[in-house]
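Consider the two complexes below, in which chain A is the common component and chain B and chain C are the respective partners.
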Partner chain A sequence: MTEGGSLRVLIVGAGPAGVRAAETLLKHGVKPTVVDEAPRHGGQIYRQQPDGFKRPPRTLYGFEAHKATRLHQAFDSLKERIDYRPNTLVWNLWRNVAHVAGPKGTDEIPFDALVLATGAMDRIIPLPGWTLPGVYSLAGSQVALKYQGCAIGQKVVFCGTGPLLYLVAYQYKHAGAEVVAVCDTARLSHAAYLMPGLLAGGSTIFKGMWYAAWLKLHGVKVLNGVTPLRFEGTDRVNALRLITGRGGEKTLACDAVGHGYTLKPETQLADLAGVNFGFDTMTRLWLPAIDEYGRSTVEGVYLAGDGASIAGADAAELRGELAALALLKDHGMAVPNARMVALMRKLGRLSRFREALDRLFPVPATDVHAINDEVVVCRCEAITAGEIRHAAHELDAGEVNRVKALTRAGMGRCQARLCGANIAELVAHARAVPLEAVGRLRGQAPIKPLPIALTRKADALWALNRPDEPWSG
Partner chain B sequence: MTESQFHRVAERERPSLTLYLDGQAIEARRGDTVLTALLLARHVIRESEFGDGPRAGFCLMGACQDCWVFLDAGGRIRACTTMAEEGLRLVSKVSVP
Partner chain C sequence: MERLETEVIIVGGGIVGCSTALHLRQRGVPVILLEQGQTGAAASGVNFGGVRRNGRALEELAIAARSLEVWRSMPHLLGSDCEYMVTGHLKLARSEADMVALARHAEAQAPFGFKVEMLSRNALLARFPYFGPKVLGAAWCESDGQANPRLVGPAFARAARAAGAIIREHSRVSTVARDGERFLVVCGDDREHHVEVRGRTLINAAGAWANQIAASFGEQAVMEAWSPQMVVTEPFPYFLKPALGVVGGDVYLRQIPRGNFIFGGGYGDATLASGRATVMPKETLGSCELAVQLIPRVAEATVIRVWSGFEGITQDHLPVFGPSLTTPGLTHAFGFSGHGFALSPGVGSIVAELATTGATDVPLGPLSIGRFAKESAETPGR
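Right, the complex of A and B next:
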């Protein structure tokens, strides 16, 4: 198979990884199909504002404005030459066919090779009151500002951990919103020890330090080593209660909170594609198993960007290009080996940086273990920590899919995007076993809700109605 | 009494449009999502089906599915990924006969 023109490649996602993968394929004579949920390309980090908005890239993307602009221009210059489908969801994969739903209804896209560049979302730790109006995900708080020109409230607290806390707080303050405090569970006390790794990311760490310094200079409280206790309020949030790094309790009055503990990959389609997953001890998550080029364990299925593992936007661009080159090579096409080596060298540096960042901003799993029985963990189905512990303990469910079946935790509309990792933490802790021993929630189609009218039209249950033909493995 | 949750800090000059929630007019701007339009006017968009309180969306990026609202004409939309349109009619509660 050396004829590039006849090779059918589907790329899911038009963020940094998907755009660079598409560009690389096109350069080698392969016209991919790019399916993206958003109305405009760019992904989350370089998300474009709607038509008619006027803020310049510098306002939207700060230090990264030139990278965002370059990425947008790269895709603008090629999108007419490929099959680009914005506003479109890939809701199922079955063998070598993607089932999609978009503005023109539903469709099936057969492919020879698949590049999953599905991106990431916030990782959340449930606390009492986290379902109250006014509490939003941290990255979502950034979307409100970047995409809509809105702040999530008039007095905002940012809470959780990760570099994004400081960036979003800076962007809010800079836009004129009142930022009450940045509350980071990380102590950052070992930053000096991690400096060699942090410096492998180039100037990024200095930008982060600059944001933190700027916030303090502009009167924003920056608290490190905190333990968030609860969001207070009855029909909307009015305060965050926490334990400070020094051990005292503190109440911060606010009318909105941006809440998030770093990011986690969107792996639902990788799961439906049947790829193997491996347990990552650092992030305490199950991640799709890939080689250093982005090849999964299923032939013809490649992963790139934060949808494979969190490494950031710069790495995502490189990984998108590298996965595309590996794909081309695997299909018998000539690719520049020197370029592949150069990409891997750059990625090696960025992975040392990522490892240091993961150590600097660890996700506090003990905060999940410590939540009270009354706290809602699965917000779709309103299932509490107590119900999950009961299933794990009294009902002797030692595996997360069993707990899901018994409690409905993780069975709601979001497909366990928010609660999956937390259910596993609670079950493992309740049974005093290692986290990887309780398994991983299986993905299900559709990966997001579809209007019933659409599913009828498309015989959506097509694959599900053929029990004799399993979809993978 | 309901107060606004979101607060505009930029992009104020865009053509206006009107949508309706339970028959009440809500002023919005072209380019606002339905969720933005609702949250600029109020701080609750729906009640949890399980009686554990009000909700107002969460992830704001089409992942958590916590901002689905009902259309007056029937059907539901995910408010954070649907653009507000002139004359759009929404209902906050659907009574089952």
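Right, the complex of A and C next:
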């Protein structure tokens, strides 16, 4: 139906999913445009250090060094043959045009098909003191180390849950930082019961166990089943107070904390593209609806990798390839069906692994119900849990967009990427209704803050044809 | 299936509808308000937030004066000032022709009892030293102000409810008709969620959707649904107190004490049927450029959100306000054409007066739906 050469495909994101999607398209004669916010490809997990930094892959990526190197090489070998735009943000979509902002200002990229490989970000649960200097998100702590070669502090505690907790702690300790403790809300007591699922991920689970064992061997406290209470300190965090798995209270002195509760998909572009979302009971998040190949509910829009749902980097590579094949097939091109079947089989195995992992490290999302009124939930606008509860109760706001409108919660710089799920939890709890009944915050452009200086363009007004309004303004 | 009886039925839970409900309850009148979505969430909640008389059509000034009384009483009336602040308003000129137009209108407004001062570029910069070279002067109205649109509709709805009004949200009207001496309004499409409301009086405050109701009684305004394009930036040190507009209306800008710039202009894609009013990126970029032309420092700010909504814009950019010409007991209050936020609290007060006493001292003749009789006959199906 369509000649490969004329098909305009835009891939957003140059992480594992985006890179494999680009590679697959190019293999079939379609030259995609790849837009990525980062200065260098690799995504978050295989993020490359800045030019001039010389740490070897093994230091940066640990067990995954070979995978990182393979992915980097794959993209290095094709980036000259495609339209690759690093340091560029897709800030809005309008029908089949992506509006981008990059080093040269704003631009438009028309497309016939769109692959969203937008990746994931930290999931945070607010506690008293979480906005103190020295308290970082877990993945942010990892970026500081992996990219800039900096630690977030000299005496660091990691808390939250998820496999990343152990990996980041290992990387910090390995890099020479003092890691005081790893505090995991998960008990891990049913690891044995989940073992069949965990083994579906191949050696991954053993790597995780190895990190935990290595940490203990090197004098790092590993606490499971904890309940974090608060970050203490006045000008800067100086301790984490928690309840241990055995029920006693404990104070861990530190000068920095990395905290995070697994990851959540970056779904804002899917939202702007008009994709339907469904409520996911396991993660208690609204996720874009996709079929098993990555097709969304909007024709021509495909999702791949952790931007669709969290499945990890290995799955992201497979999902990137699969979505690209589905895209090619949908545009009338011949694709190897056997390869698609093989990809699906591998993904099936990884999804059993992911399910077991989700059960092993359950996100204590409902913990936010118990936080004090004084705790800031929306950091950008400094809106407290009390203000959100007041809106839900006294101001009769039963829907998250209404709560946002009345309180400004979720209206700031991050546009609720960080606090949205927690606002919804608080509203649902305050009104004693199921989480899905309080709705979903509407996605609004820009995806990330857009400096007006970038938008200034002599011809911006050229296309405007605004009606004359005698009585306006 | 549910059957309800009342005195006054209001269709539309924007500020006009909710203010009407509150003012009717203050007069002791039973009222049921039906809103298809959430109260104050359409044009009422997503507009620019200007509360001004400067540059307003003469036909609206009596309503604006009444409304100003309501704005001033809000802390007492609603328990919230809805962030209403008297900051002044500047309507800016970007050409000599603009200056002439401003001066002419300032003169025409003079008999209406509020002060508008013409400022040359030098006089403007002496007081407000932040304008770019394109701005040649302004009409300055010190008594004008601004407020937070997101708060106003819900605040009126809460006050109306507390005063005894029945407000039904998520109640989309499917049929309106005469039923003997009364009006019959039906909500919901399926039997299970079917609601029939009967009342002696019907208020059509359905905003961009109001023509569907008017048409059920054989009259129509010439009106389209447009979607204004709004932008807000990250906080920036607060320096811009007055709200700003321009001759021609292609951009408007204000800054709130928290520091965010809020500006807008132009229109995007609006399809009432889809319920989706979208933001067109080129309009966002255009508004950024126009805003920077007014105030160069805006270029240092960062956009964090854009939005839109539905506005009913009439052919002559004036509202449809007053009794129906075909149906006794029906009052229209819609089509505020992108500048109804300031008026709507007062509109509710006037509608309540009309509905209970049958008269008001606010002259509404020029805003009658009858002015479209000829055009709407020529353009059916609007």
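Brief remarks follow.
Here is the rule we use: the second predicted complex is superposed on the first by the 455 of 473 C-alpha atoms of A that agree within 3 Å, B and C clash if a C-alpha of one lies under 4 Å from a C-alpha of the other, contacts with A are read in each partner's own complex, and residues count from 1 in each chain.
By definition in this document, contacts are C-beta pairs under 8 Å (C-beta built on N, C-alpha and C of every residue); 3 or more make two chains touch, one makes a residue touch a chain.
All values derive from a computational prediction rather than experimental measurement.
Of the two partner chains, neither chain B nor chain C is touched by A:Trp286. By the touch criterion stated above, A:Pro451 is placed in contact with chain B and with chain C alike.
Annotation for chain A, partner touching more residues between chain B and chain C: B. Within the superposed three-chain model, A:Ala144 lies in touch with chain B and out of touch with chain C [touch as defined at top].
Residues common to the contacts of chain A with chain B and with chain C across the two structures: 412-413, 449, 451, 453. Residue ranges of chain B in contact with chain A, taken from their complex: 5-15, 30-33, 36, 39-40, 43-45, 48-66, 68, 75-76, 78, 81, 83. On the side of chain A, the complex with chain B involves touching residues 37, 44, 49-55, 59, 121-122, 131-137, 139-141, 143-145, 148-154, 175-177, 235-236, 255-256, 266, 376, 379-382, 412-414, 417-418, 448-449, 451, 453. By the touch criterion stated above, chain A contacts chain C in their complex at residues 91-92, 94, 97, 99, 106, 108, 395-397, 399, 401-402, 405-406, 411-413, 415, 444-446, 449-453, 455-457, 460-461, 463-464, 466-473. Here chain C touches chain A in the complex through residues 38, 41, 45, 48, 50, 55-57, 60, 91, 150-151, 154, 158, 233-234, 244-246, 248-252, 265-267, 278-286, 288-292, 298-307, 317-318, 337-339, going by the rule given at the top.
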